[in-house]
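To keep things simple, chains are lettered A, B, C and D as they appear, and every chain counts its residues starting from 1.
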Amino acid sequence: MTIAMTASELEAYLDQVFPQLHIGGRTYFVEEVGPMTARMRCDYHEKHLRPGGTISGPTMMALADLALYAAILGQIGPVALAVTTSLNFNFLRKPGPTALIGQAKLLKLGKRLAVGEVALFSQGESEMVAHATGTYSIPSER
Amino acid sequence: MTIAMTASELEAYLDQVFPQLHIGGRTYFVEEVGPMTARMRCDYHEKHLRPGGTISGPTMMALADLALYAAILGQIGPVALAVTTSLNFNFLRKPGPTALIGQAKLLKLGKRLAVGEVALFSQGESEMVAHATGTYSIPSER
Amino acid sequence: MTIAMTASELEAYLDQVFPQLHIGGRTYFVEEVGPMTARMRCDYHEKHLRPGGTISGPTMMALADLALYAAILGQIGPVALAVTTSLNFNFLRKPGPTALIGQAKLLKLGKRLAVGEVALFSQGESEMVAHATGTYSIPSER
Amino acid sequence: MTIAMTASELEAYLDQVFPQLHIGGRTYFVEEVGPMTARMRCDYHEKHLRPGGTISGPTMMALADLALYAAILGQIGPVALAVTTSLNFNFLRKPGPTALIGQAKLLKLGKRLAVGEVALFSQGESEMVAHATGTYSIPSER
């Protein structure tokens, strides 16, 4: 199984289609794309902070959604406009004020629907801080 | 059933504990707090946009989480630090480039766990753009 | 908006396609079908019991899935084979040893995807015992 | 990390507290308990069938819930009465008419809340047929 886009191609594509992600400072990066997988990083930034020095839920949710989206585009390429149809999150531990890693893995890549899961970690830590699953609708006209 | 905080008290409290929410422009507002309910609004802002003139998923997710949090604090007051333990989202329609409304309703407010649902709408529209459910852990020491 | 099948047509159809539901005793019934809604009932039966005199989680989950399925077929008729793609449950209170009602409402009925929510109650009670949301894939060849 | 109950102790315990599981034929078995993990099997039985020769959603949901419950009791023992608070399912492929395996793994085992995920497979197959996550409330009085 080959990949359709490299990490740097994907990052350039995300920059182009989601320029608003970087308002107030660039923090989201594609670290790696593999068969049915993608790893993204969200660097620490004051805008992601919450009281007690933890990273906000929406920051984690955005990272998980992006990592799944990257895993899908890594397989099918930039032509298809996949749309998030559902997301489920379990928040396990409060992440410290550091970068977050989102490791996404597709569980199914069908013609119309992709399903995947994401494990979120604080960079350099081994305990998962959050877990997500998501489903994406894939347009039929590709 | 009375409420523990008014909409303006809640908004002031959210400003104090989540100042980072407003980086790049204040967009989240508490519109109404009632028994087991809260309504929040997220004003249109360039930072929430996505290609095609729609509002980003993370913006909707942040609004849903905040609205449920507001509904809980509206019942139990600002002393308790409720923590989001899980969130589930279904994205139904693409919201247009306008303000979003999050109408939250608690389904259960137990001693340790609160559960609620949120309907998200584009302001002035009647069709739901997204639906969320969430669970929150409530500290026992309150 | 009209409905494509009445409650009794739907019940006959479910009997035909899901005969295994009734092994050990018929307990699932379609009470009402309306525009984008359906109400189903699961009668009390020893096979649904759990310790402490409560109804099992899988019984509630089956009822929720069936009620959403009934709401979809009530709109599009028996020709289409909708398939459950995801389900999310929040269990709120332990239901007593009595019949359960599942009130389903579709939030979206698209060409390819239907999304709905279900409120579960013990018959005659007003407090929700569980809440579910579900997504269903609808075949394009209908 | 040691386990608090062996697979056979767990199976005996489930038989005792959930005798209704076996009405119409015993099909649920505990295959293995490990640190933060449990594997359960649901044998093929006519009562689990659906049209097209596939296994019903509620059968998969019951297996996932049981496997997570087994993983929790495997860690904390039979004294504590854990209660399912939420479950999320993604149905990926239709399982054939054969036994199902549920491989559960706890992502968090806190004092009050346990969170885990389950991968469901048809016995002998490598492609996941469904994925679930669940949260369980653990009584404080243990």
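By definition in this document, a contact is a pair of C-beta atoms (placed from the backbone, for glycine too) under 8 Å apart; a residue touches a chain by one contact, two chains touch by 3 or more.
Worth saying up front: this structure is predicted, and the values here are computed from it rather than measured.
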Quick note, more Cb pairs in contact for A-C or A-D? It is A-D
What chain lies farthest away from chain A once each centre is taken as the mean of the Cα atoms?
C
Rounded to a whole Å, what is the gap between the Cα centroids of chain A and chain C?
33
What's the distance between the Cα centroids of chain C and chain D, rounded to whole Å?
23
Distance in whole angstrom between the CA centres of chain A and chain D is 29
Using the touch rule from the top of the page, what residues of chain B touch 2 or more other chains?
85-86, 88, 90, 115, 135
Chain A partner, complex, touching residues on chain B are 17-18, 20, 23-24, 46-51, 56-58, 61-62, 65, 83-91
Touch list for chain A against partner chain D, complex
88, 90, 92-93, 107-108, 115, 117, 128, 131, 133, 135
How about chain B: which of its residues touch chain D in the complex?
85-86, 88, 112-113, 115, 135, 137, 140
